[in-house]
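The next block holds one structure in the form of C-alpha cells; read it before the comments.
As written, the chain order gives the labels A, B, C and D, with residue 1 at the start of each chain.
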Amino acid sequence: MDTKNLIAQRVAQELKAGDLVNLGIGLPTLVANYVPAGTQIFFQSENGVIGMKPLDIPNTSSDSLTDAGGMPTSVIPGAAAFDSVASFGFIRGGHLAVTVLGGLQVDEAGQLANWMVPGKMVPGMGGAMDLVSGAKRVIVAMTHTAKGAPKILKACTLPLTSVRRVALIVTEMAVIEPTEDGLMLREVAPGVTVDDVLAATEARLIVGESTPTMAVAA
Amino acid sequence: MDTKNLIAQRVAQELKAGDLVNLGIGLPTLVANYVPAGTQIFFQSENGVIGMKPLDIPNTSSDSLTDAGGMPTSVIPGAAAFDSVASFGFIRGGHLAVTVLGGLQVDEAGQLANWMVPGKMVPGMGGAMDLVSGAKRVIVAMTHTAKGAPKILKACTLPLTSVRRVALIVTEMAVIEPTEDGLMLREVAPGVTVDDVLAATEARLIVGESTPTMAVAA
Amino acid sequence: MCKVCSLSRAVDQIPNGASLLIGGFMGVGSPHRLIDELVKQGKRDLTVIINDTARPDFGVGKLVDAKAIRRLVTSHIGLNPETQRQMLAGEMEVDLVPQGTLAERIRAGGTGLGGVLTRTGVGTVVAEGKSTVDVDGETFLLERPLVADFSLIRAWRADHLGNLQYELTARNFNPAMAMAGATVIAEAGEIVPVGMIAPDQVETVSVVVDTLVSRED
Amino acid sequence: MCKVCSLSRAVDQIPNGASLLIGGFMGVGSPHRLIDELVKQGKRDLTVIINDTARPDFGVGKLVDAKAIRRLVTSHIGLNPETQRQMLAGEMEVDLVPQGTLAERIRAGGTGLGGVLTRTGVGTVVAEGKSTVDVDGETFLLERPLVADFSLIRAWRADHLGNLQYELTARNFNPAMAMAGATVIAEAGEIVPVGMIAPDQVETVSVVVDTLVSRED
C-alpha cells in the first residue's frame, strides 16, 4: 500500500456512523474509499451538498453537481443541496463531526499551516480557515516530511490557517495527538520505530511507555 | 367614508407599481383595498410570504398559509414563501419599499412609539422595530387623536419603536412629513382647516403658504 | 441508525428545567403533538424560545396554560392574555426581543457566529444593558446568539433519514431552530422513504435531526 | 413591468469601474452569458467579488484573461495561474477572504447587518488591520458587509416576474448575491410563465431582481 492510501486507511478509522465529514482536495479524498461497508458517513462538499459520493457510473454526470474542485460527482439517496451561506453555517456552527485536510506544517501547539507559501504559492484559503476553526474534530492527513525536511515543527514558519489546535495528525509514519501538554505520539506505522518518527520530526514528541502500531492493512 | 378608510385611501397613493410593501395589522391592512387596479404591489407578510392577497374565495384556505395575525390568507401567482430569517433579511436589508404601521405617538423628531404602554399593554414589539428601522419608507397610518388627546406630540412619552425618523404620517385630518427641520404639514383632509389640525396637534407643525387638500373620495 | 421513535419516548428525553426552541408563528407550524406531550408529561420550569405564545389553549399557549414555562424569550404575546397575566404577576420571566433580531440570534447560535450586529433597537429600551459596536461610523446593537438544549420542530414532510421539508408560512422559525438545538426533535405531517425528497427540496438536512417522531399509532 | 431584456442591453447598464458580485463556484453556476458579454463589450477597471476565478478561458477566468478586473475579492485562485500572475505582477489587486466569511459578508450586506462576527481568521494574517469584538469572553473577528453596484446571477429557472430557482451545486453564492447588489441582473436556463414556480420553490424573490436576460435569439 502506498503512502497516501496508508494514511487514508488510518484516518477512515476515526469516522463514526452518521458523522458529517468534509474531506479536503487531494489525499483526504481517498479516505472515502476506506469507510467500512454498512457504515453510513455523510460527506459534505463545501460548494453546497451533503451526501456526496464519487461518480461511479459512466455518463451520469451533470454540469450542476460538482465537488469542491469543480469536478462531476454524485450523491446518495437522501442527499441535500444548499447554498454557500448554509454550507458554511454547517461548518462554522459545529455541525461537522470531522474535517480532514492536508497540511504544509503543524507545530507543537497543534496549529496548522496549509494555505500559502508567501511569494511562491498563494492559492487562497478557500474554505480551509472556516473548516479548521469550525469542525468538531480537525484531522490533518499529510506526509510526515517534504523532500526529507520535517513538516511537524516547533513553530510553523508559514502563515497559520487557524490558531485552533487540531485534534489529530496522521502521517505515513505516525499518529500524533496535539494536546494541552504537547504532541503525544499515539501510534507508529507498521515497520516504523519510535526513533524513526523522532528523527523525522522537529517538534518535541511526548512518547508513552509503549506505542501501538497502526491497525492498517499492508 | 369612515376615518380608517379615508386614511387607507390616502396611504395607498404612496405606493408605486412593483413596490414591496408590508402592512401592519389593523388599519394598515385596509390600504390594500385602495391600490388602483393594474398596479402590481407585492405585499409581504413577515411570517414568510411575498405576494399575499386577501382570501376572497370561500373554503380555499390552508392551515399552512396565514397572515401575520395567524388568519388564513391567499397569494397571487408568482408569490414566494420563505422562513423568518429570510423574511427579516428583506426588511432589515432595505428591500422593503414601504412599511405602513399604526401608531400610538409620533413626536417632533418624527420618532414613532407604537409597541407598548408600560404597566398596561405589553404585547411585545413583534416585527415593528425591524420594520421601522429597515424599510426604505415608513408611513404611520393612525387617527390624529385618541379620546380627544393629541397623538402627535413634542416628545413621545411612550417607549420608542425606533429612533429613526419616519417618512410620513397620515391621519384622518392631515398628511404630515417629518423632516430635518421638523414636522411639515403637507395636506389637510377635505373639510378640515389648517387651524383644526394645529388645534388637535401638540407638536409644532410647519405650515406652508398654502396647504393642499388630500385627493380622496368622500 | 433509525431516528424514528414514539412521541412519548421523544419527549421523555427532555428534563424539567430544559431550554427549548419551539417553531411556529401564532401556532402555525408549531409541533403540536410534541407540545401536547410536554403538557401530558407534566414538564415544568422550562425556558422556551418561540416567536409568540399564540392563544390560550392553542399551540404553545397550552404550555403557558399549564404554567410549565419559567422563562420565555419571544417577540409577541399580544394575543395571549394569560402570558401577559403571568408576566405582570411575576410568575413567568419574559424577555421581549424584536422578531428579526430573534430570528437572527437563533441563526447566529446555529451557525457559529459570535453575535448579531443590527440597527434594530438602537436607542430604545431594547438596547438597555447591551453593547454597541461602531462599524464605519454607524452604531449597531450587539445581540447575543441563542441556542437551547432541544429544538422542537414541525415539518410538512420528512424522510426516514430525517431530511425535512416545510410548507408556506408554516416554515417560519423552524429551519433556523433546527440548526440551534443541541438535540433536535422533529414531527412531520408525513414520513416518506429516503430519496423521495429531492436534494434541492431538502430544507433541513438530516444530519442535524436527532429524533423523528413516528406517525400516530 | 417587464424585466426581461436582451443580453446586450442588460450589460449596457454596467459602466467601466463598476463593482460586481458574480455567482459561481469553479465556474459552476456562473452567469456565463453575462460574463461573455462583459468581455465582448470590453468592460474594464471592474471590481469583482466572486468565490474563485475558475480556470483560464472558463467562467470568470475570461474576465481575468481580458484584464478587465482591477480589484478582486475572492477566496481561492489556486486553479487559475493567470490570476496569480496578475496578482504577483501587481496588475490586479487581490483581497483573499475565507470562503465562509465571504459568503457571510455578502449575506450581511444584503440583509442590513452591520457586520459578521466570526472565529475564522482570528490570530492569522486575515485578522491584520481588523477590529475584534469580545462576546462572553471569546474573541471574534469583525468582518465588514459586502455589497456591489451589480449582482450577476445564474439561475436554473426563472419566471417572467423574476422569481428564481437554482439547481444543486450551481446554487452556491447566487442566492446571497441576489440580495446584495444595488442592481440585480439574472440569466436563467429557462424562463417560464408566472405561477409555474410554486411559492415554496422560489429561492430568490422577484422583487430583488431588476433585469432578466431573455433567451438566446
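Keep this in mind: a residue touches a chain if its C-beta (ideal position, glycine included) is under 8 Å from a C-beta of that chain, and two chains touch if they have at least 3 such contacts.
Being a predicted model, the structure only gives us computed values, none of them experimental.
Any chain touching chain B that also touches chain D appears here: C.
For this pair, chain A with chain D, the centres built from the Cα atoms lie 29 Å apart.
The centroid of the Cα atoms in chain C and the matching centroid in chain D are 32 Å apart. A separation of 55 Å divides the Cα centre of chain A from that of chain B. Multi-chain contact residues of chain B, defined as those touching 2 or more other chains: 49, 81-82, 88, 91-92, 134.
Multi-chain contact residues, meaning those touching two or more other chains, occur in chain C at positions 104, 107, 112-113, 118-119, 166-168, 171, 199-200.
Taken as a contact graph, with one node per protein chain and an edge wherever two chains touch, the assembly fits none of the named shapes, being neither a line, a ring, a star nor a complete graph. Pairs of chains meeting the touch criterion are A-C, A-D, B-C, B-D, C-D. Partner chain D is touched in their complex by these residues of chain B: 17-18, 20, 40, 42, 49-51, 75, 77-82, 88-95, 134. The touching residues of chain C, when paired with chain D in their complex, are 104, 108, 112-119, 133, 135-136, 138, 140, 142, 144, 166-168, 171, 199-200.
Chain D contributes residues 25-29, 51-52, 54, 74-79, 84, 87-88, 96, 98-101, 103-104, 106-107, 118-126, 156, 166-176 to its touches with chain A in the complex. Residue ranges of chain B in contact with chain C, taken from their complex: 45-49, 62-66, 68-70, 81-85, 87-88, 91-92, 122-130, 133-134, 159-164. Residues of chain C touching chain A in their complex: 1, 107, 110-113, 159, 161, 163, 179, 194-195, 197, 199-200, 202, 205-208.
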